[in-house]
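Got a structure here, written out as structure tokens. Questions coming.
The first chain written gets the first letter, and so on, giving A, B and C; residue counts start at 1 in each chain.
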Amino acid sequence: MEQFSFANPAFATYAIAAAIMVLKGVAMSWLTVVRMTTENAGFRNPEDGRKTPLNPKPHDQQLLPNERVERIRRIQMNDLENLPYFLVAGLLYVTTTPPLWLAQVLFYGYVATRLAHFVAYYTAQIHDIRAALWTPGSLIIIFMAGATLVAAF
Amino acid sequence: MEQFSFANPAFATYAIAAAIMVLKGVAMSWLTVVRMTTENAGFRNPEDGRKTPLNPKPHDQQLLPNERVERIRRIQMNDLENLPYFLVAGLLYVTTTPPLWLAQVLFYGYVATRLAHFVAYYTAQIHDIRAALWTPGSLIIIFMAGATLVAAF
Amino acid sequence: MEQFSFANPAFATYAIAAAIMVLKGVAMSWLTVVRMTTENAGFRNPEDGRKTPLNPKPHDQQLLPNERVERIRRIQMNDLENLPYFLVAGLLYVTTTPPLWLAQVLFYGYVATRLAHFVAYYTAQIHDIRAALWTPGSLIIIFMAGATLVAAF
């Protein structure tokens, strides 16, 4: 059986978790677009203040930071600081042939806490709640990278 | 045949597209260096304002944002928001054993539109053109992640 | 022998280097948390200024940029601009079945120079030293992506 095939249930679990996380990450770009459009502000490039079909009502505040847009950008940045490491550590972890139940706990646990972290961030919950929802995912990445090191040596 | 070998034409296509995108992404770091050098400005660290062999003519504006440098940083940031997701979604997509022609359309279509997006961003085209060149790539990532989910379940 | 198994010494080398780099990248998030806590400043979200169990002593400067926190964020950003490309280029490079000694030089050379780059950045060495420690890693990524292109065509 090939390791990186859907016949390997640990890989299939990884693939599902990874695909969901990729979709989540890409969704932040679209959410930024939606926010910039509804706010008609928060643009970043000098040329974005020009009147165009997609910017029919330019005004001179459009290029200033807009908190509702910046929140989405911070969420996206948080994804960039976490998801690529998860995506690689998870793939490596599959090659350690972990028990399926553990792979499922780690992969789906990561997805669940990251989605909950998004909801908490999006709705501006206090930092303590965000921290509680960010920490498990970070520990999962550390555990998987550590398990890879142990298996590779 | 191993899935992730060049004997698998879908993987070979992915490998070519991924390698080009990695080179493109890394090139942004070098372009930032070139811009900071030619502008002699746009540095970010307090210690970067010191006189050194690489900074023979320090001046007190060097640490302020420089629009010509910031543009490259925004292009690089746009890569970071997109390329890692493409690189992972593409590898997962190969494991779904897609028809070769479709893999080629998606992988090379991604590369072509991202390179065109770079040209548009670099030359400060209006947002509408950038948006038109960014959107296909984002949809390609979403399609590949979705196809992975369908195949994995 | 499966290519992406620890029985393949080039893959095992990659897995060790990749796991160390993932741990290094994730450590920057934790270091940011430590710095924000010890500085009691450098927070980014409006809601982070509220009094909570994790923020017992709020003050009205907490949301302003703090240079000691910002330094860690710049180091983390530098990782995001480099590590994902290394992680993908390295995995692709393994599929080119490189000589083991060369794979070891490239993978461990990358790890060594990136860790040295971190020490230089963290201790605020002049830009020239940072540049000298950043350049080998970037050239290693370019070499591995180039070798992948050559092998895939």
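Here, contacts are C-beta pairs under 8 Å (C-beta built on N, C-alpha and C of every residue); 3 or more make two chains touch, one makes a residue touch a chain.
Everything quoted here is computed from the prediction, not taken from an experiment.
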| item | value |
| --- | --- |
| Copies chain C and chain B - interface residue numbers shared by over half, same or different | different |
| Between chain A and its twin chain B, rotation from the CA superposition, multiple of 5 degrees | 120 |
| Whole-Å separation of chain centres (CA-atom averages), chain B against chain C | 17 |
| Two or more partner chains touched - positions in chain C | 2, 4, 80, 84, 88 |
| Touching residues (chain side chain C, partner chain A) in the complex | 2, 4-6, 11-12, 15-16, 18-20, 22-23, 25-26, 28-30, 33, 43-48, 50, 52-55, 76, 80, 83-84, 87-88 |
| Of all residues in chain A, those that touch chain C in their complex | 2-4, 67, 71, 74, 80-82, 84-85, 88-89, 92, 95, 124-128, 131, 138, 141-142, 145-146, 148-149, 151-153 |
